[in-house]
Each structure stands twice: as C-alpha cells, then as structure tokens.
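As structure tokens, here come the structures.
The following pair of complexes shares a single chain, subunit A, combined with subunit B in the former and subunit C in the latter.
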Partner chain A sequence: MSASPALPAVGGQPAKASWILAPSSANTVGLGLILLAGALVLLKPWLPDALVRLPSLFVLPFADALNWLFEFVKDDLGFVHVTRAFAGAVEWLLDVTGNLLYGKNRWPRLEPIPWTVVAATAGCLGYWLGGWRLALLGTGTFIWVAVLGQWQWTMETLSVLIVAVPLAVLLGLCLGVLAWKSQRAERILNPILNIAQSLPHFAYMIPVVIFVGVGPKAGAIVTIIFAVPPMIRMTLLGLRKVAPEVVESGEMCGSTRWQLLRHVRIPTARTEILIGVNQVIMQSLAMVVLASFIGMPGLGQKLLQLLQSLKIGRSIELGITIVLLAVMLDRLSRAWAMRQPVHFDKGVPWLQRHKVLVAWVVLCVGFYLLAQVFPLAAEVGRRQALTLSKEFDAVVDVFLTFVDPVTLSIRAFLITSVLIPLRDAYLWLPFSAVVIFFAGLGWRLGGWRSALICFAFVGLISMSGWWDRAMITAYMVSFAVFLSALIGLPLGIWAASKESRARRALLACDTMQTFPSFIYLIPVIMLFGVNDVAAIAAVIVFGVVPMTRYTIEGLRGVPTSLLEAADMSGANRWQKLTRVSLPMAVPTIMVGLNQTVMFSLFMVIIAAFIGTQDLGQEMQRALSSTDVGKGLVLGLCVAFMGLLVDHLITQWGARHARTAGVSA
Partner chain B sequence: MSVISCRNLWKVFGESAHTDLSRALQSGEADYASLVEQGCLPAVCDVSLDIARAEMLVIMGLSGSGKSTLLRCLSRLLDASSGDVVVDGQNLGELDKKGLIDLRRNKMGMVFQNFALLPNRTVLENVSFPLQMRGQDRHTRRARALEVIELVGLAGREDYFPRELSGGQQQRVGIARSLAIEPDIWFLDEPFSALDPLIRRDMQDEFLRLQEMLGKTIVFITHDFDEALRLADRIAIMKDGAVEQIDTPDRIVLQPATEYVARFTEHVERARVVHAGTLAEPMAASVAQGDTVLETATIHSLARRLVNDTREHYVVVDEAGKAVGQLARSAALDVLLGSEGGAA
Partner chain C sequence: MKAKQPSRAVRLAQVCTLVAASVSLASTASAQDSSDPIVIPIHNWNSQIVMSNVVGQLFEKMGNSVEYVSTDSQAVYESVRLGDVTLEMEVWEGAFGAAFREALDKGGIVDAGDHNAVTREDWWYPDYVAELCPGLPDWEALNACSAKFATPETGDSGRFLGGPVDWLKHDQERVDALGMDFTVVNAGSASALWAELAAAKKRGEPIVLFNWTPNFIEAVYPGSFIEFPTFEAGCDTDPALGPNPDATYDCANPPNGYLKKAAWDGMAEKWPAAYATLEKISFTNPQIAEMAKLVDVDELEPEDAATEWLENNEDVWSSWIN
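And now, the complex of A and B:
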C-alpha cells in the first residue's frame, strides 16, 4: 500500500469531519438514522420507558445459558477430566521448574540454581544474541532482582513463563499450520481469534478457574490460552509469505509434504514465527502478573498486595523489577528473531566458534563452586538484601508534598465537574438512541452490512442486561481516549518534527508498550490514590503511548516529495502540517486511535480493582464467585465495544482510501 | 526415442472463471481469444513437442510469454489444464504422489529463475538438500555436495549463507543443488542470467562438456540469443503461450515460420549461425575439385575463403571426410553480406 504521489489536500479542501453530515453519498438512510437518534435524545423526557432502557423482557439470560453450557461440557461431557489431566501435566512441569528455580520441594529435589548462575546465563545469552548491551541488560536485571531480595517472587513468575511460553508456542504453531492448511479451519479460527484478542484478561480467568481451580497451574493455563492467538496469526502470516519458488524448489528436490513443511516452509518463515514467540512472551508476562487474581504467586501477587496497602516505595521497587524483566525478555527475543545466520571463516578454531558457549559453561561451573563456599553467591537472604524502599518513599513524599495540592485540586475538579456529569449524561442517554446512532454511523461508513454489524454489537450489549455498567465503561474509555488523543497528538507532532527526536520517541513508545499494563497503576495510585481519577489517569497514560507512536509514524511516512512540492508552492510550516502532513497521516493516526481504544478498554477493566463501578467491577465479582456465565457475558460486552470501534475505524479507513486515494 | 513429449498442452490461470475447461479445450471449443474474453489467462496454449534423449532444447520468448509456466508443466510443479506430458514413458498427469516424488528424487533437476535457495541453510546444506530428502546419510551427502560445489566454482564458500553471496554466486548454488542428484532430465530457467560475461562463458563451456559427457536431456530458458546459439540443438520460440516455431538454430534464422520469429531473429548475425551443411545442396556432377568445406563450419568462419576462392561451388564434407553436398558461393555470400544489399 502506498500513498499516491498527488497532492490531495494542498489547495483543495482538507478532509474534515464534515462527511458525517455531507449529503453527497447516496445513503441518506444513515443520515436519517443519526438524525433519528438525535431526535430520540431530545425527546427523552417524553419517551416511553421501553425506549430508554430495554424492557427486562428482552434481556436474555445469556449468563444462565453459558453457565448451563459450561456445566454440560464440564460434567456431562466429562471435559473436566481432560482439563484435569492437562492441568496435572502442567502442574508437574511447574513443580520441576519451581524446584530448579526456587527450590520448591518437589521432584527432582535439587538445590535451587544459584542466582549468580542465572545472571551469568542471561548475560551470555544476551551477548550471543545482541552483544554487550544485551548482556548488560540480562545480567543487570538479575543482579537487581537478587540484590533487592525479590528472587523468590521473580522465580515464581519465571517458572510459570518457562512452562507456559513453550506450550503456547507449540499450540499456536500447530493451530497456525492447521489454519494455513485448511481453509475451513481458518474460517472457523478467524472470528474466534478476533474476539479472543479483544476479550479482557479477566474474561479468560473465570472459565479456567472453573475447569482447573486456582493457583499456579491455573495461572499457567490462563497464560497459555491468552498467549496463543498472536502465535497463530504470526505463524499463518509467515507460512503465507514463503516465496512460491522456494517451495517449488523444495518440491523439485523430491520432498514429501511433511518434509516440505519441516525443512522448507517453517525454516523460511523463521522470522515471523520468532516474532510470534516474542509476542507470546510479552503477552504471557502481562497475563502472569495479572493472574495473581486467581491465586498465582509471584511478582504480580506481591505487587497487588503492596498496592492495596499503599506501600508506594516497595511497589516502585517491584515495578522496576517487572519493567526490567519485560524489557529484557522483549529485547532478547526480538534479537533472536532478527538474528541472521553468519558463517565463520575457514580455519577458525572450535574454541573461538563457540566462545560464548564455553564462557557460559565456565561461568556456570565457577559460580556453582563459589556458591558452595559463599552462600551469598547462591542466595541473597532477607537480611542481606538491600532495599531502596525508604529512599523511594522519601523521594515520593517530598514530591507529593509539592504536587499534592495540584493533584488534589485536579481530582476534586475532575470528579465534581467533569466525571460525574459526564457519567450521568452517558447514563441518561436512552439506549434506543445509542443503538440507532451506531447503526446510522455504520450505514454511512460501510453500508447496510456495517449498520447491521453495529446494530448487533450494541444491541447484544443492551440485551445482556449490563447496559448501565457498559455505559460507565464507555464513558471512562471515551473520556480517557479523548484526553489521550489531546496529549498524544501534539506530542507526536512535536516528536516527529525532528528525525533524531522521532527515533528516540519511537524507542520510548516501543519500550513502554512492552510493560505489563499493571505497572501503569503504580504512579497513578501514588499521585491520585485509589479512586476513579486514578483509574482514568492510568488509562490515559497507557493510551497516550499508541497515540503518540502512530502519530509519529504517520507523519514520518509522508513522502518527502510531497513536502518538497509543498515547499515549492510556498507553504509555511503550519500550512505544511495542516494541509499536507496531517491529512496524509490521518489513516495511520486512526490506526493509533483504534489501538488506543483497545488498550483503554483493557486498562479500564484492569483498573477495576482500584475502585470503579463499571463492567470491570462486576467482572471481579464474577471472578470471586466463579460465575463463568456472568464473567463471559461481561467480557463479551467489553469485546463488542472494542470490535465496534475497530469495525467503524476499519470501515472509515477503507472509505477514506477510496475517496482520498490515501491509505494506512 | 523422446524422453519428454507433450501433446496439446494447455495451462490456463484463473480457470475458476471457466466451467469445464479441460473438456472445452480438448474438443477445441475454447481458444486463446475466447479464454481471454472470459477473464482467464492462458499462459501455455496448445503446445506439443518432443525432446529426444541428450538433446538440448532452448526456449526463448518475450517476458510473460509462458516459458517458465511451460517448464513448470513439464516438471509437474503445475498441473496442466489439459493435454498430456509423458516423461520416460510415464504420463505425469497419471502419476501418484509417490511416483512423482520418486521421479523428482532420481531423475529431474531444476534451476529456478530467482534462485529459490533456502535462506537459513548454508551453501553446503542447500546443495545437499535433495540428497537429504532422499534419505542419504550425512557423510555421503557432504562428499557429493562438496564435489558439485567444486564443480560450479564455489569451493571455499561451503559455509556461507545465501544472504552472504552475490547474485551470481547464489545462482551457482542453485545450479549445484540441481546437479547434486545427477538428474537425467535437467530444467533450467534462465540459469546464467545473473552471471557476469566471463563466468557465464565458463559455465556455458562447462555445460557443454557435461552435456557431452553425461548426455543429459536439457530444457533451457534464456533471453540471450547468443547463448541459445552456443548451446541449443533446437530452439523453441514462444509467443503468448504458443510455440511459434521449434527448429534448429540455422533454420530458425534462415526460414522463420512466422513474422514474429522473423522479427525475433532480425538482429542476429546470420553468418555466425548458419552452417555450411545447412546451405548445402545435392551434389551436381560438375563440381570443381579443390579444398573442401566442413559441414559444421559457420559461414562467418568461411568469410576469407569466400572472398579469395572464386569457384562457384565448394564441396561440403562431414567430419569423416565424406562429401555430403555442395555449397553455392553466391548463397553463402548472401548470408554473409545480406541479400540484395541488406544490412549484414
């Protein structure tokens, strides 16, 4: 996809939001629907109740049906035995890694691996994959973890990752190959993946709790399920991208179909598959931290406890650990994906070819022996561990005494004059108006098919019986997205104005996107305490990142020839930005907006545990009472909101590409 | 006996636009124009040809004329839309999966236009790939692969990855790979296109030597007429999927079957192509004695003779020295200088 070299916007009218009301296209139906929605809103006081809220007659007992279905699958079909067996196997693996990493008293009952050995391994791996910087990152992370006495929790988290990631990769690879092989399988998998990737984390947890209970094995299994979809997608993408000639060359060598897959297709799709692995790792980390809600011990659980008791200094320490871990895992796996094979010249001795391997073995043996003599090299005990929490607390205190007046007034202002009125306004809207508005919007953007899809999404939400909660979620998300855009757009424009700055900003965005979402709660709780404002602030911080990032990418993607043409037409900087760059970048920025909405939805739900009254809060309740039907219905409500926005933006993009000849 | 023979071969892309294509093709209802009208893309149209053992057939034609597609049908990388391909007495269309794999493992080799190397394997591993597919053990594989790598002049680069090689070197890896199993039938799709002129000439010589020594049956695609002339026993010229003419180089140049072929060969220096044997006519009784002319000599190589030796006819002899006919000086001069004062 490329931008047309013509100058669509200079001179002509820049694209505005006027299309909503423009009478140009044939479909006046959409416009009519939107106007009808407006009329319904204006006429609300006189509307019959049935149009304000869906009568309870039409609220379908989806939750009961789902509960029945789960019951049926679990007990009557005996699926629970299958899951128990699988969970048993996973638990056995977890016991093994648990024993090796932190000395859990299970088979093979060895001493835990000394922390120095782990740190050396990470260093060698980092050096092999990406030179000194990654080596430093790898070792540094583990030294930090050990010295601050967080070894046990970190290893609990890692022991799950070590089991979950390979299983998720294997599962994703198999399903990806299946989807690639059979059109039917792909047609079935595709919608499932779409929904799965927009279901909030919690929605995954409840069925898992039902089938395997709580604890580490449930955490591991929910992590596996959550991390599989991107792997399937990347596998499919990679296999599709293999050049047909390469496959033909394999065929001409007399490969059987299996040999073709094993020796030709999968190795050639290596990069995409490994990027899939990278995504699996990052998704797993995000999930494993959150899985503390279903009794998964480790970093997440510790962080949750500390946050709930407002121990800011300790949470910051733990937050840094999680961030370091995330960045390290991301950089290492990405370096692995990007790694190109290089040959050694003839006559390079064996030792030099395998110097990293040799160094690793030597270091491991060395540290093992050292650990026998100095226990400190094996384990940094509670007593010896350093802690920076006092320092952090002191700094935070000083900081807070300065900003508290500001944050307090912001908080008060936001809550009384923005958030509460806004929430009430959303709740005041008659549901019929909302349904009709989105149907109309869908019609204008993508014809009757879109209208039907939008109608179905919003209609199902209203039929779920969670309309008010959904509106609260919608109000938080829309407000947060609005502010994210307000901050992210100018930030992106500013960053994109200089190449070096743009590159640095993109790197920062990249890095921040690897952090598990949980982390974003630490600073906002520190600033605003536990309330709605904190939740929204967390969502905003989380949402600004994709907004900024896609703005920068969109602006950087504007062809230089266009900018030169604008220069030659005598445009000044402002004109260039508003008339050329921004209109050209709009499709990319819309992709960013789409992602911001998705991220915000996820974050709003996660933020539920610091006290919101939306779908997230109900979902937490469903989780604690293991009400799978309710949990899934709530999750699907969230997913439908995300898919609705996704659908509208995609349709808008297609329409924009058709009319303006520009595409993302 | 012909090794490869194909009869009324069609390959149409976008067949789904056409219902019951193969029947329509066999009965002759569908032709090029009607297929195009229905939105199909006929890439190979009604091709029939026979390739004899140890023959080298060169296929030429403009870009997009269906050369690669024809080659793919001959190796059954593509299933033909209609028509038969018979290789060594086996009808490819009727061959099952296993038979096809056996055929490819033991008899066929192919060099691809875009090299099509496996990016994550070294040169050595790429070359030994077909042997690995056959299930040979590591040691034999390695020995044989090293042998062919040496043959294509890449010795010392066994451990390089395709990414680390130049285009020409990658192409030679492709050639080596296709040679590893010593195929009887060798398909080459522009195998020398990325080589520099010197190496290209070396490879061509090497090629001719192999051909002489091993007697492989070769189908060779090229855009380079000089290369075709150097190598070909016969040349097939394709246009819009159909073979316009399939003949020896001399006759392609002297008696083009169609306007298109004539245009195709317009700029060829005929004297370098045409052999004395081709121009020879039956012996008349009155031929003057004197120096004879070898039938395999090109007219170009006889240029000096033609100017100095003013006899009307020369005797043409074969390699054994037996007279096979007579060469009219005027005819030879026509070829050399172009008839009626046309540009030579």
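And now, the complex of A and C:
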C-alpha cells in the first residue's frame, strides 16, 4: 500500500566475511547447511515431532508479555496522559483546518473556503512551480472533485493531511538530524525504522486506538507514524552528502553550530529533504483508506461505505479522486524540490516580480465575491453534481462478462492442481528444515553474520506460535511474487524499449500504486470467488507495479555508450538485451523484486478482507478485539519475512557488486 | 473510571461540575446538557449510518452539538467504555453481543434499552436458488442437494459462505452437529459476501451464504433464510437440547435477537436530556428498512436521508424529545 517506491529497508551491513572466514569455506558451510535442510525434508516421515513443529514449550507468550508491557506503560507510567495530551493538541489543529476547509463547527467558526478559491489557489501554485501543465493539473483536480460532488469528503481528507504532513516532516527532520549528530541515536533508530517500514499497517493501528482513541486525531497520528520513516532516512542521507568544503566555508564565515545547520547544511541537503517531503505526502495518501478504520473521515470512509453496499461505480469515482490528489501533490512537491531560485535583474518592478502572487490574490478575492452571489461557486451539492457511476458500472460489467469465462475455467485448475498442493507442501515442510535452509542461504550470501540474522528471523517466527499461518502467508506471497515477476519483467522490458512508452508506463504505475486497492478487491472476488486465487490475484495486481517500474528504470539507466559499443560490434536487439542491458540492469531489477515482496506482504494482509486463512485473518481479529500484543506479534512475523528477503537481496547485491567489480 | 478519560475531558468535566455547583447554589436551575459535542460512531453499513444521523439531528434539534466518527463496529465498544465516543445505536445480539457483554463486564458502558426491531442472522439464499434445489427453505432439503453448492476448494461437499471469523457464528459446529455435507468458507468482509452474491446471481449459480435482517440486500436481492431446527435457549451450551443429543449448536440462530442501544456511563450525567431521549428512542424493522432504502435504492447521502426521514416521520420522534 505504500504510495511510491519507499526506500528499501536497508538492513545489515556490507558483508565483512572475507577476513573471518575465507569465501570458499563460507560457501562450504552454507552449502552444508542447505544440504542438511534438504536431508531433513527427505527424512521428514522419520523425524521426531520436535523437528517438524517447534514444541509448544519453546513457543513463548510474546503477546502476553507485550500486552503487559503496554498496560504498564499506559497506566502505571501514565504514558496515556502524554499521548492523549499530544492528541488533544493535534485535534485542536484538526478543528481549525476542518473549520476552514469544510465548515466544521469549531474555532474560528468561519464559512468554509469556496471551492473556486481552492481550485484557483492550486492553479496559481502549479503555475508558479511548473508552468501551465501543473496549473492545469492543480485546477483540474479540484474542478473534478467539485463537479462530482465530492467536495466535503475531499476536504475532510485534506484537513487531516494538511496537519499530518507538516508534523511528519518536522518530526522526520528532527529525528534525521539527531541520527546524523549522534551515532548512538542512529544505531537505535535504524532497526526501528527497518521494522516500522515492513510492519503491516493494521499492527500499529491497534496501539493508536488505545493510546489516542478513535477519530480524525487517530487518523492523523497513524498517518504521521506511517509517513515519517522515509523522511528520517532522506534527511540523514542529505546531511551525510554535504561536502566538507561547503561546511568549511560556512565555518570561515564564523557561523555557530546552529547557523551551520540552519543556513549551510540543511539548504545544501535541500534536494534530498524535499524528496523526503514528497515521500511523506505519498505515504500519507496511501493511508487515506486504511486510516478510516480508526476514524479518519473523508474519502476513505466514504469509499468503504460505498463498497459495503456494492456501489462500485461511485467508489471508482472516489478512487480516481485519490489518484488525482496523489499525482497532483506528487508533481507539485517534486517541482518544488527541483525548483531553483529565480533571479531578477535590478530594476524589475515589484509587480512583475510577483505577478503570480498578484494574480492569485485577485482571483481569490474575485471568487470569494462570486461565491457570495452564486452559491454554486461556493459549493456544489450532491444533488447538483454530475456522476459517472452508471458509466463506470457499465464498464466494469462489460469487463466482468468478457473475462468471466476465462477466469472461471482457470480457477478450478489453479485451485485443485496448483494452489492446494503448493499450500500443503509449505505446511508439510518441517520447521527445522526451513530455519536451517535460510541460515545456509544467509551464510552463502553474506557469511556467518547473515546466517545468524536469517536464523533469528525465521526462528522468532517459529517461536511466535503462528508458524502454520506464517507458512500460508509465505506460500501466497511467494507464488504471487513469482507471477508478478513473470508479468512485470517482460512488461518492463517492452515498455523500456521506447522513451514515450516508458513514460506512459511509469504514469500507469503511479496510478496503480495510489488507486485504493479495496476497490479492485470486489471485481476480483466476483471473478474468482472467496478463495486463495482471488487473494493472490489481488496481490499480483499490486505486486506487478514495482517489478515493472524498476525494470524500466534499470534498463533506462544503462549508459548509451555501452549500447553503442554493442551496436558497433554487430549485436542484434536480442543479444543487446540479454548480454548488455539486462546484466547491467540486474541490481536495479533486484531492488524491484525486493519492493515486490514488500508490497505483496502488505497486500496479502489486506486480502484478509476477501477471506484468507493466513496471518492477515488473525490480524483482522486482533484489530476488532483491540488486542495490541497479538496484533504486534503477527505484525512482527510479517515484518521479519520482509526483512529476511530484504537482507538476502541486499547481501546478494553486495556480493554481485564485488564480483562485478572484480571481473571489470 | 475517571482516570481513563482524556485529560482534557477530565478538566472540562471538573469545570462543568464547578460551574454546575455554583449555579445550583445560586438558583434551582435544572441540569443542562454539556456544550461538548456528543460523539456518535458510524460503521460501514447504511442503516446504521442513517439511524445515527437521525439521532444526531434529533440531538441537534434539542440544542446539542454532535460529531460523527467512523470506527470499526467491534472495536467501538472499547471506545464507548473510554468515553471517546458517547453511544452506539445498533448493538446486534448475534454479531456484537459478545463484545458488548465483555465491555459491560469491564465497566464504563451502559445498556440504554432495546429497539422495537428484532434481528435475525442465519444461512440465507437468493430466490432463484429455490428452483435449483426443491424443498427449500428446509435445511434437510438443502443438505440433500449439497453437491450443487460444491466449489473447487470444497471438493465434493457444498460450500457455505460464512461471514468474517470475528463474527463468531459457529457455523462449522452446526454443520458437524447436524451431520451436513457442507464446508464453511469464511469471507473476510461483508463486501466480499455481496460481491460473491452478485457474481453468483449473474451466472445463475447456486449459493448459500450468511445474511441478516434488517439489511439493504433484501431490497436488491430477494431471498429467504434456511429453516434449521427451531431455536431453543441453551441449545448452544446444552447438548441435550436440539435434534442431536450429543452436540451443541444443533439448532437455528435466535430468530428474534435483540437490537440494543449502548452509551458511555458518563453520558447520563453530562448530557442528561440527550440521554433521556436516547433511552426513549426505539426503531422498528420497517423504519430501519426504510432508512436503508433511502440510501441504497434512492441514492441519497446518509445525512440527507436522515433529514428526509425526520421530515416524513415527525409523529414517530416528537414524543422522544420531550
């Protein structure tokens, strides 16, 4: 569900195995462990039960311990008063934006801003940042919202985002600076960020309900928690990159440490920090629907209501609005990141230097006055609004009728011949074999350190007591990732062959990524029914996106000089692709694969709304019974799976870079 | 309980009590409703949303301020207990009885009386299925044609599409107790149930699934409940009751379960007039169906539907607000 390529959670350090064990011996140990795992699988019928499933003696009551810890922190330490006080402050801000945007009956009790004024503001901002195209995008989005009668809900959503995004940026900036200043802070923050970025959303929604309550404030706070990690990472990255020469010149001017930070380092790291801001915005929009489970008002809440009464057409309208908002805010914030200060010659009159500002003021005043005379310029009511829901319903209906015979015929085959046997195979595996296999794989890729990390991840999952459910999640995710790669890779290669096609494909990726996944759960159920095929299909729709995106990006990044050299040596298109472009793009494609795994893990949890028997189903139960401990344990199981794959791919990447470096 | 409230609310409550105390010293003013907003939770089904809006607009007519907040329908009882939301308009015996009783035991929540409406939750089929399986709605007739309900994942036995597991419906226990040739598959959400129903209707496939009344789906897809052995109180705990002497859950769900209202235990003190009204409010099944229809069929927004319902039914609610 993350709205844009969140930075891969970077775990572990580059392998330093070489000085501990020679690479060859590392390979032998790793291989030995993998062979041992294979032997355990083959010998399964004769294995003692303790090697097939972890004996219940070793299954630790993590959930009870966490619940006790939460109770202690909440009541005995009185932390709940701190969080509730903070939430109270956030709520005050939300009341103000709520009043200004949709007329919530709170201080300052003004009339809501007319939609025409908001649309004009977005247009002027767009023009100032990126010319006519962005102006059109900004105005067009709000005209769409107003004309389709979604103004109230969109403003409810924006009233929360307007508070959550700046707070997330501020918090991220502070923590980023802290991590940059102090090695210890970084060492504490890094694993927390890794886990936070791979924890399913539902897992940390439960503590928020307990510490903050429900309502817009909870929506805002859960959005902040979800959006802050990329901001921290980008701030840290930006500050690290500041060249010492720049800092020295600052010192020569006699700057204090605060001045150095405020006027030298942060401005120099501007681009990275602004990319962080962009990430915060996109992550926040991705939370719009999920946060409505704990009281975020607006588009997400309305969307779930409409889906519950099977109004697909109208929910697609809302989905388009969310995509438009995301694309608009993404492009505006990116333009802001890339924007260079404009310099005017001396003597240019004030009016000319600030012509956009003047135009904005004139337009705002004009529309305000217009709105007093024509109510339609202030707000378009639901009854006057247009709707395209009938058309969308018809399109969906035609699509379903067309595809239904195909899916119906493959569904029986997939379930009986592929999925059920595959699931049974995963469940049949002795847990000891799985643990040892991953330890061996870790050893081969990154030495004993990696082996230990992999061992810990898989071992902890088995000690959580959710092994069978975790294996069902693993089976669905691995099959979905396999199919996503099978679809996304050729799609990316095809799209990357032409620049204009690549750009269109990337736009399609953006759209797919921000389009609320809940909407396509419904057609998927209609096609496949409530079963694992539907869940896996929904995961694939989402998982194909990063695979395609990173394949395109990887192939586009291949230096043209290399391609020209291949041309000169007489390579045909196929040879050029397989011998030059793809090998060069492999590291980027592997990052894409890593992202596909992360996306699939998030989505498979959401597929619990179709009906699954995996960790997601239990997570849903934990949410409805507000069981913090259980929710967190389940969430950590999912996070560990993600971190395991992330670690292995990172290690593989480091190894690949070393060998590539040697052969070059 | 006070310690668990938001600190701001505590302070406000203290100020209110002080003011109230000084006012009552000075005069014999009657208890006034607090000017803080009454927070009404809304969930994701339309009758509940419209009903909550109807009640909210009634409170507003009485001069109270009201806010709506969307929450999960199970987790809401924890929020009522903590005073984060003030009341809950639809406590279904079958779906939320357990969560409600658990919250009652923990304290902080009170039972604000029953609606006139009764609820029923059980196995259900759309009308066209009756032609495919003669003898319905009898459960033995259903069992006789179980093979027609088979799907790839259930093999030869029929599939019953149940609600999400957290609705705790004991369908599997009933299948076992009655020796039915059915496998229970749990959908993950109500939307998933309706999506399957719509697709089955389109293909003309037989389907039997979990449903309840009052519910909007009755207006869109007419159908009937399966008639299981008659419900007896205690059939879920005492194996002797029901046709199978060795098993529990060998009977139907209660055909007329309660539909309650619940409130935060501080509501009566903070908004006495609104609480008195809440206790009097009682909707009937046809009234609830009408509210759902205004949204699901007539395509009104819930808040407009509530206004329209109030305009058309003044005789119903006028006695509640005095």
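Basically, the second predicted complex is superposed on the first by the 575 of 664 C-alpha atoms of A that agree within 3 Å, B and C clash if a C-alpha of one lies under 4 Å from a C-alpha of the other, contacts with A are read in each partner's own complex, and residues count from 1 in each chain.
In this text, a contact is a pair of C-beta atoms (placed from the backbone, for glycine too) under 8 Å apart; a residue touches a chain by one contact, two chains touch by 3 or more.
Keep in mind that what you see is a predicted model, and the values were worked out from it rather than measured.
Visitor: Using the superposition on chain A described above, determine whether A:Ala243 touches subunit B (first), subunit C (second), both, or neither.
Guide: first
Visitor: Per the contact definition in the header, classify A:His263: touching subunit B only (first), subunit C only (second), both, or neither.
Guide: Only subunit B; A:His263 stays clear of subunit C.
Visitor: So, A:Pro341: does it touch subunit B (first), subunit C (second), both, or neither?
Guide: So A:Pro341 only meets subunit B here.
Visitor: So, A:Gly254: does it touch subunit B (first), subunit C (second), both, or neither?
Guide: Touch status of A:Gly254: first partner only.
Visitor: By residue count, is subunit A touched more by subunit B or by subunit C?
Guide: Counting residues of subunit A touched by each partner, the higher count goes to C.
Visitor: Can you list the residues on subunit B that touch subunit A in the complex?
Guide: Contact set of subunit B toward subunit A: 72, 75, 77, 97, 101-102, 104-106, 108-110, 112-114, 116-122, 129-130, 132-134, 156, 159-161, 163-164, 174, 177-178.
Visitor: Would you mind writing out the residues of subunit C in touch with subunit A in their complex?
Guide: 3-4, 6-8, 39, 41, 44-46, 49, 65, 69-76, 78-79, 82, 84-85, 99, 151-153, 161, 164-166, 185-192, 194-196, 198-199, 202-203, 216, 220, 295-296, 301-302, 304
Visitor: Spell out the residues on subunit A that touch subunit C in their complex, using ranges where they run on.
Guide: Touching subunit C: residues 75, 80-81, 84-85, 87-88, 105, 209-210, 213-216, 292-297, 301, 304-305, 307-310, 382, 400, 404, 411-412, 415-416, 420, 521-523, 525-527, 529-532, 607-612, 617, 620-621, 623-626 of subunit A.
Visitor: How about subunit A: which of its residues touch subunit B in the complex?
Guide: 243, 245-246, 248-256, 259, 263-264, 267-268, 270, 340-344, 346
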